[in-house]
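Next, two complexes with chain A in common: one pairs it with chain B, the other with chain C.
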Partner chain A sequence: MKKSKKKMWFAVFTLPTVFIFLTVVLIPFSMGIVYSFFEWDGMALHEKKFIGFSNYINMFSDERFISSIWITVKYTLIAALIINVLGLLFALLVTQKLKVRNTLRTMFFMPNLIGGLILGFIWQFIFMKVFEQIGSSTGLDNIFFNWILDEKFALFAIILVSTWQMAGYIMIIYITGIQSIPTELLEAAKVDGAGYFQRFKSIMFPLLTPAFTVSLFLSLSNSFKIYDVNLSLTGGGPYNSTEMFAMNVYNEIFSYKNFGYGQSKAVMFFFFVALITLVQVYLSKKREVEM
Partner chain B sequence: MNKMKRLIIEVLALLLGIVYLLPVYIMIVNAFKDRAQMYDNVLALPDKFDFVFFKRAIEKMDYIKAFSNSLLIAVLSIGFIIILASMTAWMLVRTKHIISKIIFFTFIATMLIPFQAVMMPLMQFMGFISKNTIFQMLNTRFGLIYMYIGFGTSMAVFLFHGFIKGIPISLEEAATIDGCNKWKIFWNIIFPILKPTTVTVIILDLIWIWNDFLLPSLILSSKSLRTIPLSTFYFFGEFTIQWNMAMAGLVLTIIPVIIFYIFAQKHIIQGVTAGAVK
Partner chain C sequence: MLKKISVILVSILIISTIAVGCKSESASDTQSTDTTQTTGSKVKDVTITIFQSKVEITEQLEKLAKEYSDMTDGVEVEVWGTTGDDYMTQLQTKLGAGQGPTILSAGVGTEAEDLSDYLYDLSNEEYVKYIAPGMEVRSKDGKLIGIPYGAEGFGFVYNKSLVDASKITDYDSFSNTLKELKESDVQAVSLTKEAYFLIAHILNVPFALQDDPEAFVEELTNGTKKMTGNPIFEEWAKFMEIIKSEGVNPLEINYDTQTGDFATGKTAMIHQGNWAYGMFDSYDIDFDMGILSMPVNGNDKISVGIPNSWGINASASEDEIKAALEFLDWLFTSEKGQSYIVDKFGFIPAMTNMKTDTLDPLGKEVAEYTASGKTLPWVFNIWPAGIVNNDFVPATQKFFSNEKMTGNEFLQELDKAWENATK
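After this line comes the complex of A and B, so read on.
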C-alpha cells in the first residue's frame, strides 16, 4: 500500500515533464539518427531509401560543407579569444572602486539582451551606411568600408558583432571570479610592494582558473553554434564565404530539401558540439583534482 | 592631484561605455531622420523628433500583435517550465532510486544536443502528432509553447536539482508527521524556498525565448501568430531600402528589452551569473 502510493507520487511529479521531454527531444533525436541513413527529399509521399553510411561518406567530398566547417572553426577560435580578452578587461575595469562601475556593467551587458537576429540587422546598417560615410569623409576607406560585401572581411564583421554581443556576458563570469578572490591576499601583496600588473599576474590570474574554464567553454560552444547573427548580418554571403556549420545544415535540409543528407550533417553537428563540451568537462575535472 | 586623476579615470571609463553603446545610439537617431538628413550625416542628432517612421513601422510589423504573441508565449512557456521542472527536480533528489538517476542523467546528457540536430525530425514528428491526434502542434501557439517546455526543462531541472540538494530534509519530515502529503509539502514548503533559482530560470528562459528566431520560424506560418523576432525578420526583408523605417522597427523591438533590463537589472545579473557558473 505504502509502496504503491510512493510510486503514484513519483509519477505525478515526474511523468508530465518526462513525457514532454520524450516527445520534444528524445524521440526526434533518435528519429534524426535514423533519418541520417536515408536518402529522402522530405515529401511524405516519396519513399525513403536506405543508403547506409553513404550520406556520411559524401560529406567528405562536399567542398561547401568542408569549407563551412573551416570557417566555423576559424570564427570560433578568433571570436572566443577576443570575447575572453575583452570580457576579462571589462571585468577588471568594473571591479575597480569606481562610482560609474554599476552603470558600466549595465552598458557592457546590454547587447547580450538584444538577441542575435536584431543585432545582426543593426550592424548591417552600421556597415552599410555608417562605415561607408566615415570612410569617405575621413579618407580611411581601407578600414571603413562595407565589410559585409567583402569576402575576406565579412567573417570579421560577424566576429565583431558577436564579440559585441557576448563580451558583456563573459564579463559577468569573470566578475564573479574576481570577487571570489580573498581581498586579504591582494592587500598583503600591495603592502609588500607588488604593483597592479604583478598582483594580477601572480595572484589573480592563477585564482581565476575556474572562471577561465567556464568562460572558455561558454564562448567556444556558443560561437560554434552561431546562427542568428550569421543569418541576419551576412546571410552566408558573399559567395557563401560566411556560411557556417549551423547555416549549412539548415540550408541543406530546408532550402535544398535534402532531408536525409542534411540530417546526417545535423548529426555530425551534434558530435562536434558534444566533443567540444566533453573535452571541456574533462579539462575542468582535471583542474578540480589539482585544486 | 590624486582626486583629479580619479575623476579623469571615471570620465574615461564612462566614455568607453558610451562608445560601446554607439550602435544603439545610431539606431535610435536614424529612426527619426529622413533620407536627406541620413545621407548628410548618420551620426548627428536628428533635426526634429518626428515619429512618423515609428507609426508606420508599428502598422507594417503588426507590432501590437507580435508583442502580445511574444509575451503570451514567453509567460506560458516559462510558467510551465518552472512548475514542471521544480516538481520533477525535487522528486528526483528525494527519491534514491536507479530510475531517478537515469532520468536525471538523461536530462543532463541531452543538454548537449544543439537545436539544429533535432529540428527536422521534430517537425516530422510534430506533423505526425497533428495528423493523428486532436493536438495541432504546427502553426499553433500551443505547439510552440509545448516545444519550449520540452527544450527548457532539462536546464531548469539541472538548476533546481542543484539547489534542492542543499535543502535539509528535516523540514519535510516534520511536515510528513503532521500529515501533509507530497503535493502539499512541495507547494507549501519547498517551492517558496526555491525562489532564487526560480528567478534565475525566469531570466535565462526569458532572454532565450524572447529572442529565439529559429524555432518559431519553423513552427509558425500564419502572419497573425508571429513573435517579435519573426515579424522583425519579415519586416526587415521588406524595408532594407528604407533604412529609417527599418531602424524605427528595430528600436521598437528593443524597447521592451531595455525596459525589462532597467527594472530587473539586479536579478538579471545575478540570474545570469548563477546560470552560467553552475
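After this line comes the complex of A and C, so read on.
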C-alpha cells in the first residue's frame, strides 16, 4: 500500500517533466540528427534526398564555416576569461564593508536584465555616435572610433558588450561563494598575521573552486552559443569577420535554405559545446576541495 | 480524505496540462472534419487567417479584417502578427507543422517558387485580368500563385531645389553634379547600411539593363559569364566609385539618418524608393522631390516591381479556401477594399482597375514612370537565395571601407560572392 503510493507520487512529479523533455528536447534533437543526412531545403512538400555523410564531409572544405569556428573559439576564450576576472573582482568589491555595496550590486547586475538584442542596439548607437564624439573631441581617435566597422575591433566590440552583460551575473555566483567561506578561517588567518592578498590566495581562492566550476561552465557555454549580441551588434559584419558558429548555422538553414547541411552543422555545434563543457567541468571538479 | 482529494486535483492538473499541449492539433482535426461535412454553396462559420510580412500595414489590415467580419455572415477574418524580418522562417515552420494560414505573403521570384507547391492556383479568378502586364506571380509550371500587393519603384530620390534632373543623362553629367553639390557643402548622395538599401537595389540596375536578365542570371550561375568585363557592369562600377568618393560612407548611415538628412535638405540625393515618403511624415518639407534614374549607359528608366504578393494556402480546407477567395475578390474589386489598398496601405496599385490620384508625390512619380513604360524589372528577385545578406553585403562593406579599392576590384568581389552563393 505504502509503496504503491510512493510510486504514484514519483510518477506525478516526474511524468510531466519527462513528457516535456521528450517533446521539446529529445524528439526534435533526434529528428535533427536524421535530417543531417539529407539534402533538403526545409519545405515539407519538397523532396528529401538521402546523401549519407556528404554533409559532414563538405564541412571540412567550407572555409567560411571553419573560420566561423575559429572566431567563436577565440571569442569564447577571451570573453570567458574577462568575464570571470571581472566577475570575481566585482564580487570581492561588493563583499567589502562599503556603504554603497547594495547599490553597486544592483548596478553591476543591471545589464543582465536587458536582453542581448536590445543591448546590441544600444551599443551600436554608442559605438556609432559616442565613440566617434569622444575620439574627435579628445584626439584619441585611434582608440575611440566606430569599432563595429573595423575588421579587427568588431570582435572586441562584441566581447565588450557581452562582458558588460555577463559579468554581473557571474558576480552573483562568486558572491555566494565568498559568503559561504567560514569567517573563522579568515579571522584566524588575520590573527596569525596574514595580509589580504595572502588570505585571498591561500584561503579564499581554493575554497572558491566550486564557484569557479559553475562560473566557468556558464560563461564558456554561454559565450560559445552567443547569437543575440552577435546579430544585433554586428550582424556578422564587417565582411563576415564576426560571423560566429550559431549565426553560421542559422544563415545556412534560413538564408541559403540548405536545411540538411545546416542541420549537420548544428549537430557539430552540439558536439563542440558538449566537449568543451565536459572537459572543463571534469578538470575543475578535480580541483575542488572538500571542507 | 484530504489526501485523496489532493491526489485527484494534482492528476487533473497534469492531465489538463498535457491536454492543452495537444489541443491545437485535435482542434484543427475536428474543424477540418466539420467543414468537409458542411461543404455547401454558402460559406458558413469559417475562420480565415491572414499572415503577411509587411509590418507597416498590420494595423490597417486588422481594421479591414474586422470590417469584413462584421459585414459578412459567419466569416471571421483573423490577422496574425509578425515582426517581418523572419517572416519566411515562421511561415515555413507553420506550413511544415500543417498549421499554415489561409492567406499568406507568397513573395515573388525565388521565394514564390519555393512556396509554389503550397499555393492555390488563382488563374480562374475574375479580377486577375486587371493585373498590370508582367506583374503576375506565376510558378514555373504556369500556375498563377500570387496577386501583387502593389507596385514599388526606386531610383535616386532627389531634392528638386538642389538638383536639376534634366542635366543628368550620363556618367559625366552625373559625376559633375555630385562634385558641384559637394563643393556647395551639401551631402551629394547617400546609400545606407541596410542590406537591400546598400547593394541589392542599386546593383539591380546593371542586371536589368542586360539584354535578357533572366538568361544572364543563369549564365552567371553556370559560370559562362562574369560581371567583370561586361561593359554595363563596368560603367556601373564607375558610378559606384564616384558615389564612394563624393558621397557619405553608407556604412555609417542608417535608413533613419538618411531620410532625415534628405528631409532637412542636408542630402541632395538618396537611393531609395517611393516607400521612403512615409519617413517624411514628421518633417516639414519645403521642397519638391522626384525620382531620377541611374544613368548607366544612358539609362532613363527606374526599377519598378512588386515587393510581394497575396497567395492562398492550397492545403487549407475547401471552405477556408472558398472564403479566402471571396475575401480577395472583395479586396480587389469593391470600392472599400480598393480604398484600403490605395489610401490606407499606401500601395501604388499594380492593377488597372484602381485610381491613383490620391498617391503621395513619390508614388505619383513611380506611377508616371510606369505609365510611360520607363521601367526596369526587379532582377534581384531571381538572385540565389540568401546572396544579398550573406555575400553581397560583405563584399560591399569591403568596397566602402577601403578607399583604394577600385570599381573593377569590386566587380571581382561580386563575382566571387556569386560563385560562393551558388556553389
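One rule holds in what follows: the second predicted complex is superposed on the first by the 261 of 291 C-alpha atoms of A that agree within 3 Å, B and C clash if a C-alpha of one lies under 4 Å from a C-alpha of the other, contacts with A are read in each partner's own complex, and residues count from 1 in each chain.
In this section, contacts are C-beta pairs under 8 Å (C-beta built on N, C-alpha and C of every residue); 3 or more make two chains touch, one makes a residue touch a chain.
Here the structure is a predicted model, which means the values were calculated and not measured.
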### Task
Assess the superposed three-chain arrangement around chain A: do chain B and chain C clash, or do they fit?
clash
### Task
Report for A:23: first if it touches chain B alone, second if chain C alone, otherwise both or neither.
both
### Task
Please indicate which partner A:32 is in contact with in the superposed arrangement: first for chain B, second for chain C, both, or neither.
first
### Message
Between chain B and chain C, whom does A:257 touch in the aligned arrangement: first, second, both, or neither?
### Response
second
### Query
Taking the superposition as given, does A:160 touch the first partner, chain B, the second, chain C, both, or neither?
neither
### Task
Considering only the touch criterion stated at the top, classify A:12 as touching first (chain B), second (chain C), both, or neither.
both
### Query
Once the shared chain is lined up, is A:71 touching chain B (first), chain C (second), both, or neither of them?
neither
### Message
Just to be sure I read the superposition right, which of the two partners does A:43 touch: chain B = first, chain C = second, or both, or neither?
### Response
second
### Message
Of the two partners chain B and chain C, which one touches more residues belonging to chain A?
### Response
B
### Message
Just checking: does A:83 make contact with chain B only, chain C only, both, or neither of them? Give me first, second, both or neither.
### Response
neither
### Task
Kindly classify A:149 by the partners it touches after superposition: chain B alone (first), chain C alone (second), both, or neither?
second
#### Entry: Common ground on chain A, meaning residues reached by chain C in one complex and by chain B in the other
12, 16, 23, 42, 254
### Message
Can you tell me which positions in chain A touch chain B when the two form their complex?
### Response
9-10, 12-14, 16-18, 20-21, 23-29, 31-32, 35, 42, 93, 98-101, 103-118, 121-126, 129-130, 133, 164, 169, 172-173, 175-176, 214, 218, 225, 227-228, 231-232, 246, 249-250, 253-254, 259, 262-263, 266-267, 269-270, 273-274, 277-278
### Query
Quick one: in the complex, what on chain C touches chain A?
7, 10-11, 14, 17-18, 21, 86, 88-89, 92, 95-96, 114-115, 117-118, 251-252, 385-386, 389-390, 393-395, 397-398, 401, 420-421
### Query
In the complex formed with chain A, which residues of chain B make contact?
9-10, 13-14, 16-18, 20-21, 23-24, 26-27, 30, 38, 41-43, 84-85, 87-88, 90-92, 95, 100, 103, 106-107, 110, 112-114, 116-122, 124-125, 129, 146-147, 149-151, 153-154, 157, 181-183, 186, 207, 210-211, 213-214, 229, 232-233, 236, 240, 243, 246-247, 250, 253-254, 257-258, 260-261, 265, 268-269, 272-273, 276-277
### Message
Residue numbers of chain A touching chain C in their complex, please.
### Response
8, 12, 15-16, 19, 23, 41-46, 64, 128, 146, 149, 236-240, 251, 254-257
